[in-house]
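Next come two complexes, and both contain subunit A; in the first it sits with subunit B, in the second with subunit C.
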Partner chain A sequence: MGFTVRQTIKYEAETDPGFAPLIKEKRGCEKLEACIQCGTCSGVCPLSIYMDHTPRQVILLTRSGFRDEVLKSNTIWLCASCYECTVSCPKDIKITDIIYSLKQEAIRARAYPRGFPIPVLAKEFYKMVRGFGRTTESFLVVKLLLKTNILAGLKMWKLGLQLVKSGRFGFVPESIKNRGQLQQILERVGEGNGTNGGPKK
Partner chain B sequence: MSYAYYPGCSLKGMGRSYEESLLATFRALGLCLDEIDDWNCCGATAYMSVDEDKAIALAARNLAIAEPAGKDLVVPCSACYLVLEKTRKHMREYPDTRKRVCSALEGAGLRYGETARIRHPLEVLFQDVGVEGLKKAVKRPLKGVKVAPYYGCQIVRPFSNFDHQVYPVVMDRLLEACGAEVVYYPLKTRCCGGSLTGTIEEAGQRLAYILLHEAEKRGANVVATLCPLCQFNLDSYHESITRRFGQVSVPTVYFTQLVGYALGCSYEELGLGRHRVPARAALEGAETVAA
Partner chain C sequence: MDNGDGKVRIGFYVCHCGTNIAGTVDVASVAKYAAGLPGVAVSRDYKYMCSDPGQDLIGEDIREHGLNRIVVAACSPCLHEATFRTATARAGLNPFFCHLVNIREHASWVHSDRAAATAKVYDLIRAACGRVRHHKALERKRVNVRPEVLVVGGGIAGIQAALTVAESGKKVYLVEREPTIGGHMAMFDKTFPTLDCAACILTPKMSQVKAHPNITLWTYSEVAAVEGFVGNFKVKVRRKPRYVNEEACVGCMECVDACIYKEPKFEDEFNQRLGKRKPVYMSFPQATPKVVQIDPETCLHFKTGKCKQPCIASCSRNAFDFNQEERFEDIDVGAIIVATGFKPFDPARSPKYGYGHFPNVYTSLEVERLVNSAGPTGGEVVMRDGRKPKSVGIVHCVGSRNLQTNRWCSKVCCMYSLKLAHLIKEHTHAEVYNFYIDMRTPGKGYEEFYNQLLEEGVHFIRGKVAEVTDWAMTPEEEGKLVMRVEDTLAGFVRRIPVDMVVLAVGLEPQADAQGVRRMFNISCSSEGFFLERHPKLAPVDTATDGVYLAGACQGPKDIPDSVAQAGAAAAQAMALIDKGYIEMEPNAAFIDSEECSGCKSCIPLCPYTAISFDEVTVKATINEALCKGCGTCVAACPSGSIKQNLFEDVEIFSEIEEVLANA
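This part shows the complex of A and B:
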């Protein structure tokens, strides 16, 4: 009669020691190590009840190198950027900025949860702005629904109809005149990876 | 007084009535808004999630375009306001980022300085017109209008340049000056759900429900907002929210629509007919006074 134990969490040996240093080098993430795990961020977060890891846990997981757990969590995508945690943190950690950096990493690594519409929306938005310089909400919403959930889109017909009737549904894509100039600027600024390059002392 | 004006994409789309009411209100007060030439999307939260460096360059282009006019830049949308302020801050705090962005802009013939003040219309009305100035301009006091002042997140956090980060009062004072009754609404800076209302409905629409339900519970017959996404979320999903969480019926309008109405602008001029939940009943009291 053997008594068996099962490993439920990862050991340090299975984590990625390079992950925390990578995040800490990004703009706004410098104070990652200052977290005292008080949980204020999770307490004030209006969405933490839906998250698989609370913001406090995400900070600790990031710091400890749990790269996959963090990048695959729904937490970073449920963050609506209300900055409540950032302004409440007693250690002045810019938690919202850290979550942005994690979103960027997740998109880069294609690690976001399958079928999750938020990163798809972010990418479609990005493409539209690169191309036209402006967003046309109506086009964006239709594109998102086609890519993620056509059925949900059909269910929204009443709202769509009202938007058309009230003149709020754009049928012509908005665009800036000088698209070439904008693309040149975006090209030239390069892929900086969000790295801070050394903040001002 | 004349200001440079950055509308942002929403005010040309779903948030059209925000622009209509903003322009009408400023006109009625003798303030001039000059839309800056060939502005581009601020990038909002979405662009920042994909590539932050490009997001900063995107926002900096707008600032570089606005600055030569030498005027304050009025930015009505909360997302735009936050992104432009955040860009300023990053450019100030990270010399390496600043160097790269400035050189990209210069290559395209643009110069980034740091001259124009970024201002929200709320701040302009409160500081430049003032409560007393506004009171004098009121032609149709908002009698019987019980309003929940809803600021949302991004206008006060993390850059609160003109009001408190959790319990701001500037809009309260302006609406009172217009004759409205402002109800106690401690949820005034809680998140509306952002884009989650359309992507993760259960989570996003619940946040919208809490805001609407609490406004009704506290006696409001209208919610006033200052962000196109907040207005959309609080106005567009009543049926679905009622089905999921409980009955809601209160309308949500832009604060500029209420102020403009008090200044004597018409229902149509202010784009009040564009919303899903009509606010006509809430404004009835004001009508009686006018007549």
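This part shows the complex of A and C:
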């Protein structure tokens, strides 16, 4: 028994002055700095009671350049995209969009725990849609389990079998026609970097 | 003054303005350049032209060199045009032969390239010297100013303004829409931060208004129309029928007791509909004027014509007049003080707080009536369900600081919420929670009051309440209103069960502010509050001369600020009327009636309603006193028959030709 005593002081050197400008540039994140820290977002959030930092704190930490704290926070992964915070924000801040941008940054920086499935799912889902224009759930689930927790996957063999039997899991990859056109669209809208891409010159 | 030879002799002066101009513009070379322009007899640069020696320089040169035109290249005409015109007039030259060129805001402050800025100044002064030769000697016209003042709105601001003007010996008309003066302040119980009883400090002033020989008080009346201009407004006041002769009634209330309705049955507006009144009623015991009135919407006589009218029988002074009709009074006044106040935010617009849905959710104004001993509960804080609350949550910023409703801070809510927290605790010993975003207590004794509240054990939670529900998640929450909020200082979400919720509603413009704005020809800020002429240096003036603002119609304000502003508005009005006349700027438009075809196209365009149509001559005429010299009519006139002093075609065209001469 005892207390774990550690320094909680933060030095300016630990902040990333480029972090807030980076996020602010992204689509929907323009009003990051309009936050008055009223806490409405946290109050209305159905999941904030499980978060290590409330949505309000995530906005504050982002704005102040505490990149590591934000990207390692479970908040961005717990967000269920219900948009209640965005709807309620008295300053019209698109908090859900900001959290999406933070997720992208966290994926880019691999700032989540090893084997944490949500970013892997996001990534695989995106890759599949980008490649085929559709998802094939059987392939997606297998990929996810292989990359995170194979053991847990093997334990679910019965469920998998039933899904195959009922026709929910197919073995033929699904695809749209003219996949090239989809890729052109995605390139046009500034795929991946989250900024307003605009037409390429 | 043309030295008899008819030649234009221009004196040119360029100001250094310290380094404001000289830092970016080569003033010495500007002076040298000007010396070579046609007609320039004297050309100088000087460190501060607006200083006394600078102004003297102009006078000396006029006398010594027989100058008949002056061009000063300095700052904005808004700042020093009057200075240099006066200096010119002092030396005996008509002040409108002096022209100011703005080379500070238009050149030195907005450019960094010295050579380019200097070249631009060359162009500007060439244009000025080109136009000034065509200037004419103009005279300022004098217009008499009437000594009466109209005050619109009888809240604390209007009362203070009316009393101040009346005390100076001037006649005041005070027009109030409601049956009594007193405004919102009359509804309050105590006032922050001193906890003075609102009625104790307000009602003596109300009586003073009623008794003052210089004040004509018209309640239950509205301004219906305003015509005229500064010093000479013609105002029509609509006096609504109260079916009681104000002069006869003494407010004995015998009629209220005698009314056919034995019990008060109808919603009492003054008590925020928390109490009941009869069809014949007085808003509150100290109502001023102390007369009753009849509400035709609820009076049995008006509804059915079958009432025995015991009210009439009970009145020993024969004050009832059921045939009274709306009537109009026409008055002439020199100045108008608009003090029409504010409207509290309607919290039904923020449904998450449950106002109108949960009976125990109140607005702050309703609670003011509950804690008031003259209120519907006699000062007992009891809820709509008859219980006394054991716990109360006060939500700050309701409707305020929110882009979805009103984006501004309403300024008074933090302080009145503290006051209500104190009063509720005092009346009920309940646990009181204040939910705030930022605690704003700037003001004399305000922060001390906050400290007092902290020491009284009132809870303060920094966070905007997300929702008020009656959905219990724990046994303690059963039967309560639950406030869900992030305690932002603690960093986690809390659920706080309370019996009663008080919504600290913000202040917003009156619902009819736009109509009032148009009637008095003033502007509104984007929020809809009336716009002052300058936010810092002309806070009670408006864009319309002779119309002044006082109180919360100009923006959210507490009582001390409203009273101070009312005093300022009264002083401004008095400064205008006491002089007895005003001098008009001569840059007004005028009509060459030979040319005018009487097409009337100018009339609706004039933003100052200065143009009227003379049915006899069939020509348009411009009221010089109203014309602000905006030039709209000049540009619009299809026959070119409207001209404007200082902006005649020859002046403008020569200015354009010269500014483009090097282009």
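Keep in mind that, in the parts below, the second predicted complex is superposed on the first by the 174 of 201 C-alpha atoms of A that agree within 3 Å, B and C clash if a C-alpha of one lies under 4 Å from a C-alpha of the other, contacts with A are read in each partner's own complex, and residues count from 1 in each chain.
Definition applied: a contact is a pair of C-beta atoms (placed from the backbone, for glycine too) under 8 Å apart; a residue touches a chain by one contact, two chains touch by 3 or more.
From a predicted model like this one, the values you see are computed outputs, not experimental measurements.
Enquirer: Contact-wise, after the overlay, does A:Ser64 reach subunit B, subunit C, both or neither (first, second, both, neither)?
Expert: neither
Enquirer: Kindly classify A:Ile107 by the partners it touches after superposition: subunit B alone (first), subunit C alone (second), both, or neither?
Expert: first
Enquirer: Which partner chains sit in contact with A:Ile36 here, subunit B, subunit C, both or neither? Use first/second/both/neither.
Expert: second
Enquirer: If we overlay the two complexes on their shared chain A, which of subunit B and subunit C does A:Thr54 touch? Say first, second, both or neither.
Expert: second
Enquirer: Looking at A:Thr15, would you say it contacts subunit B, subunit C, both, or neither? Reply first, second, both or neither.
Expert: neither
Enquirer: Please tell me which partner, subunit B or subunit C, touches more residues of subunit A.
Expert: Counting residues of subunit A touched by each partner, the higher count goes to B.
Enquirer: Looking at the overlay, what does A:Ile118 touch: subunit B (first), subunit C (second), both, or neither?
Expert: First partner only.
Enquirer: Looking at the complex, which residues from subunit A come into contact with subunit B?
Expert: Going by the criterion above, the answer is residues 26-28, 46-47, 50, 78, 80-84, 86-87, 94, 96, 100-101, 103-104, 107, 117-119, 121-123, 125-126, 129, 133-138, 141, 144, 148, 152, 158-159, 162-163, 166-170, 174, 176-178, 181-182, 184-186, 188-194, 196-200.
Enquirer: Would you pull the subunit A residues touching subunit C in the complex into a rising list?
Expert: Interface residues on the subunit A side: 36-45, 48-49, 53-54, 56-57, 88, 90-92.
Enquirer: How about subunit C: which of its residues touch subunit A in the complex?
Expert: 352, 397, 401-404, 437-438, 462-467, 484-488, 491-493
Enquirer: Quick check: in the complex, which residue numbers of subunit B touch subunit A?
Expert: Answer in residue numbers: 9-10, 12-17, 38-41, 43-54, 56-58, 61, 90, 92-97, 100-101, 103-105, 107-110, 153-154, 157-158, 165-166, 189-191, 193-196, 198-204, 207, 236-237, 239, 273-276.
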